[in-house]
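Handing you this structure, nothing more for now.
Naming follows writing order (A, B, C and D), and every chain is counted from residue 1.
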Amino acid sequence: MSLLRLEKATIRFGGLVAVNEVSFEIAPGELFGLIGPNGAGKTTCFNLITGMYRPTGGRILFKDRDISGLPVAQIVRLGISRTFQNIRLFGSLTALDNVVVAAHLHRRANLIDALLGDPRSQADTERLRGEAMRYLSALDLQDVASARASDLPYGKQRRLEIARALATQPDLLLLDEPAAGMNPAEKEDLAGVVRRLRSEFGKTILLIEHDMRFVMGLCERIVVLDHGEKISEGPPDHVRNDPKVIEAYLGEAV
Amino acid sequence: MHVRRTIPAAVWAALIAGVLATGCSGSGDAQKQEQPSGGEAPKTSANVRPQPTAEGNKAEGDTLKIGIVVPINGDQKPWGDDALNGAQIALEDFNKQGGIPGKKVELVIGDSGSNTEQAKSAAEKLISDGVLGIIGDVTSSNTIQIAKSAFEKGVPVVSIGATNDDVTKQGANVFRVCYVDSFQGEVMAEFAYKDLGLRNVALLTDRKQAYSVGLSNNFRKHFEQLGGKIVGEEFYETKQTTFTGQLTNLKAKNPDGLFLSGYFPEVGPIVKSAKAAGLNVKFLGGDGWDSKEILNSGGEAIVGGFFCNHYNNKDTRPQVQHFLKRWKEKVGGEPGTTMAALGYDAMAVILDALKRCKSYDSKSLTAAIEETENFPGVTGDLTLKGQNGNPRKRALVVEVRPLPEGFVMRKAIEPKDLGQ
Amino acid sequence: MALRVRIASILAGMAGCWLLDVLCRGMLRESEQRLVVLAGLYVTLAVSLNLINGIAGQFSIGHAAFYQIGAYTAGYLAFFYYGKLPLQGVPWLIAMLFLGMGTAALAGLVVGLPSLRLRGDYLAIVTLGFGEIIRIVVQAIDLTAPTGEQVGGALGMNVEPRIRIVGLVWLFALTCIAVTRNLCKSSHGLALLSIREDEIASAAMGVQVPKMKVAAFMIGSAFAGGAGVLLAHSESFISPSMFPMDLSFIVLTMVVLGGSGSITGAVIAALTLFYVPEYLRGLKAPDGTALTATGANLVGWIVAVVAAVVVVRWLAFRFRGTARQRAMGYLATAVGLLVVGRALGWILSSVPALQQAEYEVQKLRMVIFAGSLIVIMLVRPEGVLGRHEFSWDWLARVLRRQRAREAAG
Amino acid sequence: MVPGAGLSLAAALDFGTLPSQVVNGVLNGAIYALIALGYTMVYGVLRLINFAHGEVYMLGAYTALFVSWAYGFRPDVPPDQLPESSLATLLVMMLASMAVCATVGVLIERFAYRPMRNQARISSLITAIGVSLLLQYGGGLFLPQNPPPTMNERVNPYRQTLELTLVGAPQQLSEAVEAARREFQAAERTFEERLKSEKDQFNLSPEGQRLRDAKFEAERRLRDAESKLNSAQVTVRVGAGRLAILVASLLLMFLLRQLVLFTPTGRAMRAVSQDFDSAALMGVNVDRIVTITFVIGSALAGAGAMMTATFLGTSITPYYGVLPGVKAFVAAVLGGIGNIPGAVLGGLLMGVAETLVIWAGYSQFADAVAFVVLIVVLLFRPGGLLGSSAVEKV
């Protein structure tokens, strides 16, 4: 059984076909990579999966349910969460509150309780805070819990995004270039974190990355996109030696 | 879990009950204050005005304070400034003639800021500062607010320019020196029907002004009673700049005359563009027209129009000539609007009453104002005695002539001419 | 524990309002009581707009519309039904309060829906337009009273009965504050804040953005509507001219001036902006006559204020000193303002034209109001309180620090 | 008036006046368009709703008025002593008010908006509201407004009305009009004769009254005949001055578009409107560009104010700019704020929508219609008619 399946997913913006009939499958528990040169349609692919764009063709199935066209918030509820390539934290909220917002999916109090300041809502908020703190610790951010998100250093912001995505308790976690702008040591660190996400939290992970070495070392299976089309799929070794992939990347390099 | 949920609900129930409880106790007092004053009960019979029960203010020391509430900020400022100047001239005249021996009359100014809320604030401030009486405001909607506060406190109000009929129904302490819209509407309806021979008239009403809406309604009522026909009514709002749409509609209705119940800043341009739209009809209006500015803004088109006014600069009555002379000395030029003369009269009426007062407090001032009879005001001889606060005085029908002439008095209509 | 604190604070709030009511009735003149009522209504308006504008980040500049809807719900219902139902006096007012809140909340729903598609300035202009539409529609509705009188429309209408209870108005304001504060403290409030920060990321975290936005609009408008009901019954008269576009701007100004998103700030700004023009109205010279300013004085003060703004801005944004140095700087600027203003006025009074031009301060009050608005925004763009809130913890912290300092020194 | 009497007056729609009403709408819309151009310029570059734009416009109207007074077109001068006006007079008035407005605009930008540039947008909005209130109430202290002055109509050399007959009428109708006119003239002459022997024009003898009524009867018949003729032929009347406003707004739209699209300054403006910081890094002098934008935007307000003050002749008060300011802003948003042809399109559309509602007999709702149109358009095109509602990049 596959957790996520793309069936000829397609999206056009005017005349531009950003993603063209891309199909792949992710099994539960997999660490899956999505690579490709700039403008290959990787982030667009993420936007399709998370419901930010509505596909113009094809289907996207999550746990065998067609999710194409559902509102973003509902897809999150079904168990897909993501980070953003250009960090989108809630800048003037604290790190902790950022995570609490994401954890709110699992609150029990309703809006009326909140308005009346019902103890139930207060207890609920406290519980969410505790939960959020747990995710912060998991990513080693407990020290900065009460700092404003926009005041954090870049690396911590990246990790806070992951913590925040984790707090929605997804089955599938989409990471959009988590290692962008990091030095090799930080990347090594991050790779450890990603592995731990799977081992400790049991998440399935789909990640976009530019850095070939990072992806090859981390992922079990990789899909390569170029100009919106899938050009290769398979384990790292297969992809590395695929002439189409080499051409795509070399073509870009030249 | 269930228990925890019910407790706060109970707390909230208690809170709401508490609100009701505090509210009730509060209202008890409020009612106690209001009940004896008769509340709104006497309103059913139109001719009996509720008597204020409150004592009102008493003069302290040798200063007699009179309040004036007029707009000296906001878009009604031109009227407010005129009325204020008029009132100040009246006070100076009064002092020159000896005033009240041993006493000093002081005019305390309150700004109504051209809106009802501030008019009320200003009036209440003046009342709590101890004024014996208030004059103002220049518009009906503001005056109603002032009258409400003054009624509660038993302080007399002499309105300057509130022509709406309802204003003086607020209480027996409310008076005015201008005629009412139903009189004005009737005067113009009579004039239009009988003197001008108009049969089909269209109305153009400023929907934003209570004054204009009321005047149009009154004109319509009386004109239809006389047998005339209102062929159409269109609306605009104060500060609009284009009226071609409404005028094109009205032209299609083919009227003999157009009754413009609004104020002069819009009336001038309306008349001009009515002529341009090919409406060659008689233009009629109310006292809102009165400003020499309309001669400029209405241009050649307004010449030949008629409106109802309180007084006329060319009037040979000594009061008018004296007023114009004093205005020239103090302010310079000629008054911009009719509110100047009305402001003078309002102040003069209250000062005249003050002179007749036995004791210097609001109550006897109210009584003295009520006793005013044949007072020779700038805007005509006016009688307030037994008139429910609305003066018995004449109205003038004024014709607009080209500039050197300006406004020319055509007809003076006394209440008795209309069988009143 | 928490429950006991809650009950205590609810009781304290009610007791406070009752006390305020008693005090007002005992010590204040009727006109001042009315001002206290209006101040309470402005506080309610500012706090409820703060919920929409500051907390949920939905740029709304048509708040007067909801105020008007509440007021006219009360007005129309009183016109048609008062005296025909067993409800009388205060219970009637309470019933109206809930009905007014209900209709305003529905209107909030209507305005909230465009907010799903529109952002920023586009939403702002839609809310502004909504306010104008309501005003114009109300203005076009004429009613005929049983006595045959014309009411409604531009003529306005009486609202029976007249009920002015300071305590009730402030209890309503306190409820509005409490509800907003409860919301802010809960995870729902965080969800709203996250929408203000980044709508897309917020949705990606599973926040039901449309629902929350509309909810914010509905709650905020409901309280404005309630305030409208209280206004109608307290003034006992309503007309469309009481709800102009400017009113929306003033309320918006209160929110931003206090610090967008800060409830405390909204309350403080509402009180200040309401009372300052009233205070200027009553300003008198020492001898009791109306206070006037000569042209020379005016020019002197204007120059001094502009200079002070420049200095304060420099201190606030560029100066890298300790807080103490900065505070001294502000103090010096204030003293300088007084000295420079006085001195310039004195020097300029030798110019005859400036000396002869005299203005009554009453006539200047709106100018002073507008001028101070600009000055405050220039000196402190994030609003007086920024995003800070008053809390007992904060007060305790400040006091503790004070004590520690005393112990050390 | 019974409830809803205003509504019941909405008689059957009169399609005879429809063409003239559409023309009226376009001409009214041109006024909105003219002011909206300035709004949209400033917004396009700064993303700031310049609430003080209406007040700049007001100052422009006062400037034009003062210049006309300096030319001798004072309101208290009898018509026969007024000087002759010409295009040159109008141009001087326009240049003066453009200059004053540009100066004021630049001052406002320099002292009120520029210090706020790095702050939250809503803070600068409040500053803008403050400036707008300050100019209104400050203007109330110094500017003549008692009574509110109007431009003397003699300033405008183009006072005539152009009449355009779109569809001709049958011969016999115009003959009937001629016959009625002759009858009326005869009746009028008889009455005038009689009037000479009357003492007072308002207290006529019975015979005089009969003749007067006969005159009115004839006049009414003439007007009936005329209106029959009018409904048979479709005539559109256009004030020459108002036509000038339409031409000016179209011309200015074209010029502005050329400026923005094809000049280096325009290119810099577009760069600044995309991104302040990047534009600055690319060597664009941002402050200079913003100043130029304010100069152009405010000068446009000045030109618009001069034309409306002269050609419409409404009273000028310190609140002169409030309503046009709001309407123009709505027009700019309707067309897609920041988009120059959009501002003109939005203005024209609003004008036509308002006039059509008046035509349908609901003039009390005319002011609300602009907003209804706006809301409906924005719901379907969230970026306005010509504006691009850019998909936010994730």
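Definition applied: a contact is a pair of C-beta atoms (placed from the backbone, for glycine too) under 8 Å apart; a residue touches a chain by one contact, two chains touch by 3 or more.
Predicted model only: the values in this text are computed from it and were never measured.
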Closest chain to global C-alpha mean, per-chain Cα centroids: C
Pair of chains joined by more contacts [C-beta pairs], B-C or A-C: B-C
Intercentroid distance (Cα basis), chain C paired with chain A, Å: 43
Gap in Å, rounded to a whole number, between the CA centres of chain D and chain A: 55
Geometric centre distance via CA averages, chain D-chain B, whole Å: 31
Chain D: positions in contact with at least two other chains: 1, 5-6, 137, 140, 364, 367, 394
For chain A, residues contacting two or more additional chains: 52, 84, 116, 119
Contacts with two or more other chains, residues of chain C listed in rising order: 3, 6, 139-140, 150, 200, 363, 366
Residue ranges of chain C touching chain A (in the complex, touch as defined): 2-3, 6, 178-179, 181-183, 185-191, 193-194, 197-198, 200-209, 215, 219, 387
Contact set on chain A toward chain C in their complex: 50, 52, 71-73, 76-77, 81-82, 84, 88-93, 97-98, 100-105, 107, 109, 111, 113-117, 119, 121-122, 124-125, 128, 164-165, 167-168
Touching residues on chain D, where the partner in the complex is chain C: 1-6, 43, 47, 49, 112, 115-116, 119-127, 129-131, 133-134, 136-138, 140-141, 326, 329-330, 333, 337, 364-365, 367-368, 370-372, 374-375, 378-379, 382-384, 392, 394
In the complex, chain D residues that touch chain B: 1, 5-6, 9, 11, 14, 16-17, 20-21, 24-25, 27-28, 31, 75-76, 78-79, 137, 140, 145-150, 152-153, 161, 201-202, 209, 212-213, 216, 219-220, 223-224, 227, 230-231, 237, 239, 308, 312-315, 317, 319, 322-324, 354-355, 358-359, 361, 363-364, 366-367
Footprint of chain D on chain C - complex, ascending: 53, 59, 114, 117-122, 124-126, 128-130, 132-133, 136-137, 139-144, 150, 200, 245, 249, 252-253, 256-257, 260, 313, 359, 363-364, 366-367, 369-371, 373-374, 377-378, 381-383
